[in-house]
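Please go over the structures that come below.
Look at the two complexes coming up: chain A is in both, with chain B in one and chain C in the other.
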Partner chain A sequence: MIDQLPALPVVITMAAAPLVMCLLRWPWLAWATTTAACWAALAATIALLHHVLDVGTVSYAMGGWEPPFGIEYRIDAANVFVLLIIAGVSALIMPFAKRSVESEIEASKIPFFYCAFLLANCGLLGVTATGDAFNIFVFFEIAAIASYALIAMGKDRRAVMASYQYLVMGTVGTTFLLIGIGFLYIMTGTLNLNDLAHRLPEVSDTNTVRAAFAFLAVGVSLKLALFPLHLWLPNAYTYAPSMVTVFLSATATKVAIYVLLRLFYSVFGIEFSFEELSMNYVLFPLALLGILIPSIVAVFQNNAKRMLAYSSVANVGYIILGISFATTLGVMASMLHIFNHAITKAALFMALGCVVYRAGGTSLERMAGMGQRMPWTMAAFVLAGLSLIGIPLTVGFITKWHLILASLETGLWPIAVFLLGTSLLAVIYIWKVVEAAYFREPLAENANVQEAPLSLLVPTWVLTLLCVVFGVYTPFTVGIAETAAETLMGGFL
Partner chain B sequence: MDWLGLYNYWVVVILMMAGFYIVIAQGNLVKKIVGLNIFQTSVFIFFISLAKLDGGSAPVYVEGITEYSNPLPHVLILTAIVVGVALTAMGLALVVRVHELYGSIEEDEIHEQDGSD
Partner chain C sequence: MTLIEALTGLAPDLAIYLALTIPLVGTVLIVLTGRWPNLREVVTGLTATGLFLSVLQLLPFVLAGERPEVTLFEFLPGLDFAFRVEPLGMTFALVSSGLWILTSLYAIGYMRGAGEAHHTRFYAYFAIALFSATGIALAQNMFTLFIFYEILTLSTYPLVAHKGHEAARKGARIYVGLLLGTSIGFQLMAILATWWLTGTLDFTEGGIMEGQVGHGVGAVLLVLYMYGIGKAALMPFHRWLPEAMVAPTPVSALLHAVAVVKAGVFTVLKVSIYLFGLDYMQALVTTDLIMYIAAFTLLGASIVALQKDNLKARLAYSTVSQLSYIVLGAMLVNQYAAVGGGMHIVMHAFGKITLFFCAGAIYVASKKTEVSQLDGLGRKMPFTMFAFFLGALCVIGVPPLGGLWSKFHLVMGSFEAQHAMMAGVFMLSTLLNIAYLLPPVTRAFLRPLPEGESPGFREAPAFCVVPLSLTALGGVAMFFLASPLREMLEGMFIY
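And now, the complex of A and B:
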């Protein structure tokens, strides 16, 4: 059993997807099966996490074909951490999903919806678990096609256009990845990431490898919504159904960031990526602009969901900033923020999902007066909002603290000031929502709005409390992030 | 002469740029999908070209033949073609939905209907 663990999360979700589609007549059963699959995947991931922390890197030969010829699933501290985020978030949103999805999706389409959700989940888990370059491409596409379908199921007709825009940009991104993989294959004759890492140094002084690097970097940057390649993200997150926004905001961009880390640090190696090609000079300014400009844009948004979508782009900037330092501390801050931002954003979007369920929308006018009408929901929003800003005792503070340490370590003290300044921008946009919710009278049609039902409220609070728990009790996340950063910096062994 | 020897790769580059240009420049949603297809197809040709070995035979074991073309990229591209078909289907399905909801598949007309938001 323990030998099969690396494949289990991917296999469970993939096998459950067609099963769910057969349950067309029983939406309730489709939901129950999806929930069971997500929790089973989480259980397998937690077992895998313990196993990896005990014995170190685990290699799994898919179908018994030995790597580097067959597809290898290679799990180390870095990707098991990302697997935990995906499996954890998907398991936690399933109780939330039931009512939220029932209110936003037609009953006849619910089984299809859950099928697409499982496939997206499986794709993201697959990208993270696999140690094969071409496999990364295939799983990226599985996750992407499923998420186009999920986004297009939003109620607003603009959801369909948002999904189309995402499809065009996402396909360009993954096709760039494919070109990059092709170049690497020409030069090395292998697709296994570990094998690539060993063979690349011999041929790294060629334009083919540099071109491969460029295509891979741009392709992954499109997928992870690195500023200025983020244009697909705000619309997609704004118009997607609430549950989809929660899931994608917590996982989709994070997985692409993990792939970027893996490629830059493990496959090409620090010397090639950061010394020869000076990627830090590319990533660093993009990260700073990517934090600053979307934060300013977020301040001027009139729809809370869209505001948080722009804030997601800004937070990708924080993660890339950590990566651009090319130090263990920087990568560790990035790994921490991948986790911390995932739970913070998931909690925030869940709170907004509660508001959508009761008030019918998340424009600031509709959210007016919700502080009194939905006190628990808005309290969760405020608490998670504090974590987004980076107030001490929340996870947001832990990442900003480590980012500041990393910037001081590299002697870039103005970055510390910059981070404080951009946190103030987060204060402004969270405050705009708070101001509308607590200090304005509700719309006439929303005068009788009640608190969200418990099935929505409990998962929201679980994630919100996680933001505080991991903000106070840090050894778990910091420990894994540190091991993960050291693994990534060390390259493959 | 060396330039002519890279004939396949020139085709790839031209198709790739043509496809990419259509994706960027066309306002018609169906034409954008066509552009994406051309763009992806160029990558398929690229993979298949790189598998070819001069004088290499098909990868079937026959006595007396020592050089074979590499079959692995062909297999990869079979997968990538399937992915491409799924993407095209998904894209066209979305265009059908867009046409139902907006009555148009021209990007500027759609944005006009949605206003500045």
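And now, the complex of A and C:
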């Protein structure tokens, strides 16, 4: 059993998807099957996590075909951490999804919806688990196509347009990835990441490899919404159904960032990426601009969901900044933020999902007065908001602490100042929502709004409390992030 | 001491745990009993008393020269979430928790008398604020202190915005913006840099910087700390304090004359004495700079206070000025002035809380808010106005009130530091204090009532008058208790 663990999360979700399609007549059963699959995947991931922390890197030959010829699943501290985020968030949103999806999606489409969700989930898990370059591309496409469908199911008609935008940008991204992978294959004759890492140094001084690197970097940057390639993200997050926004914001960009880390640090190696090609000079300014500009844009948004979408772009900037330092501490801060931002943003978008469920929208006018009408929902929003700002005792602070220490370590004092300054922008946009919710009178049509039902509230609070728990009890996340950073910095051994 | 001995007997670590849990449990109980106002107010009173008694348990240990210590957990490697009781923190914790008992009585009279709404929310956040003040007082390292500092800011936001109207929201926005902004922008930066350079954030006798941090970097850090501690209200980051006056008066009295603002100057003293160390600070170029800024704030705020007709605004600017006494005391970098600063935390607390209590009582009884409206009020509210007189004398520093001793030490400290000019600043400020604090008293007692007002006796409710009389008498008592207080504070330098 334990030998099969690396494949299980992907296999479970993939096998459940067609099963859900067969349950067209019983939306309730479709939901139950999806929930069971997500929780089973989470259980497998947790077992895998324990296993990897015990014995170190695990290699799994898919179908018994030995690497480098067959597809290898290679799990180490770095990707098991990301797997945990994906499986954990998808399991936690399933109880939330039931009523939220019923209120936002037509009954006849619900099984399709869950099928697409499982495929997206499976795709993201696959990208993370696999140790094969072409497999990364395939799973990226599975996840992307499923997400286009998920986003397009949003109630607002603009969702279709948002999905189309994402489709265009996403396809460009994955195509670039494919070209890059193709170039690498031409030069080395292998697709296995580990094998690539060993064979690339011999041929690294060729324009083909450099072109491959460029294609891969741009392709992945599109997927992870690196400023200024983020234009698909705000619309997609704003108009997607609530549950999809929660899921995508917590996982989709994070997985792409993981791929970037894997390619830059493990496959091409730190010397090639950062010394020969000086990627730090590319990533560093983009990260700074990506933190500053979207944060400012977020301040001027009138829709809380859109505001948080821009904040997501800014937070991608924080993660990329840590990566651009090319130090263990920097990568560790980035790994931490991948986890911390995932749970923080998921909690925030879930709270907004509760508001959508009751008040019908997340524009600041609609959120007015919700502090009294939906006290528990808004309390969760405020707590998770504090984590987004980075107040002590929340996970946001743990990230900031390490990121600033990383910048001090590299001697970049002004960056430390910059990071503290930009977190004040987060204070401003979170406070705009707080003021609307607590100090304005609700719209007439929302005067009788009640607190969200427990099935929405409990998952929201579980994630919110996780923001506090991991903000106080740090050894778990900091420990894994440290091991992950060391693994990534060490390259493939 | 017999009273203290009779009440003690708890192990010190248990007392620390109690001091931190009682306000939290109190918060929960206040929310649960929200439907029965009388019960809720009893819970508040009991919580305050319980907190005070558990802090009091620690006093004999500190007086005996012990430093009780408790570590809750390790936050990050080498960085603990821990508490350690030393003289300065002991003083601050005693003052804030002791005055909370009186404030909770006063709040009953004020909140009902003035017809305020949302009482449960008010008492609940009040308890959280006192929880954080206790945490600040007992923190073992700068990181723990910072956490409670932020909780204090956030928990007082709903109190400042309490009335919910446009002015209250605007005031609260400035309040939270300035306090969060300075603490995240400057203080956190300074803390991170200190951690990076010295590898520790523990409050250590004699400081941690010597030999670890160069004097140039240290000078920058000092400025970052002093402006990062926004609650100390150094100009130009003092605006939040006058803005916070839109809050109901019990908040202005306990939080914006004692717990919150004293948490600021307490942190200033703590950082100066235990992080920088007085010897190290003497070598920094910016110490004098901050000293002059504090002197400027001290005089500038007094002059602004002179021009304010609104009584609470006048008291607020007076507080800004008095806080700079303590910052200035820390910047004089000698034991005399530092002890004087510590004493001033106590003396000013008694004086200023009395003045705010009186301002609130006047509002409850007569709806008057401006100084110019106070003519002849002494005949209608003799107790309140006499207490106001005593409170004013305490802030000015006239015997037989405690304010004399802290000013005495601060002035002696300026001579010892060979900054005789600062002694002049203190004296000039005393004159200004007289000029803006005594007119309300002279108007009330010496001028006739305006036309058409009946001269009958009309005091505020007893729940208002009794606490304010007690704090006024407390100011007198501190005149006689100054010597043991001083002895305890001098323990900061015995190691």
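Operating definition for what follows: the second predicted complex is superposed on the first by the 493 of 493 C-alpha atoms of A that agree within 3 Å, B and C clash if a C-alpha of one lies under 4 Å from a C-alpha of the other, contacts with A are read in each partner's own complex, and residues count from 1 in each chain.
Heads up, the rule we're going with is that contacts are C-beta pairs under 8 Å (C-beta built on N, C-alpha and C of every residue); 3 or more make two chains touch, one makes a residue touch a chain.
Predicted model, so just to flag it, every value in this text is computed and none were measured.
In the superposition on chain A, A:Val417 makes contact with chain C only, while chain B stays out of contact range.
Within the superposed three-chain model, A:Val138 lies in touch with chain B and out of touch with chain C [touch as defined at top]. Looking at the shared chain after the overlay, A:Met161 reaches chain B, while chain C stays out of its contact range. In the superposition on chain A, contact of A:Val203 is made with neither chain B nor chain C. Touch criterion not met for A:Leu289: it reaches neither chain B nor chain C.
Of the two partner chains, chain C is the only one touched by A:Leu386; chain B is not. In the superposition on the C-alpha atoms of chain A, no part of chain A is touched by chain B in one complex and by chain C in the other. The touching residues of chain B, when paired with chain A in their complex, are 20, 23, 29, 32, 36, 39-40, 43, 46-47, 50, 73, 76, 79-80, 83, 86-87, 90-91, 94-95, 97-98, 101-102, 110, 114, 117. Remark: chain A residues 134, 137-138, 141, 145, 148-149, 152, 157-158, 160-161, 163-164, 167-168, 171-172, 175, 178-179, 182, 185-186 touch chain B in the complex. Of all residues in chain A, only 386, 389-393, 398, 401, 404-405, 408-409, 416-417, 420-421, 423-424, 427, 431, 435, 438-439, 472-475, 478 touch chain C in the complex they form. Looking at the complex, you find that chain C touches chain A at residues 73-76, 81, 143, 146-147, 150, 154, 161, 164, 169, 173, 176-177, 180-181, 184-185, 188-189, 192-193, 195-196.
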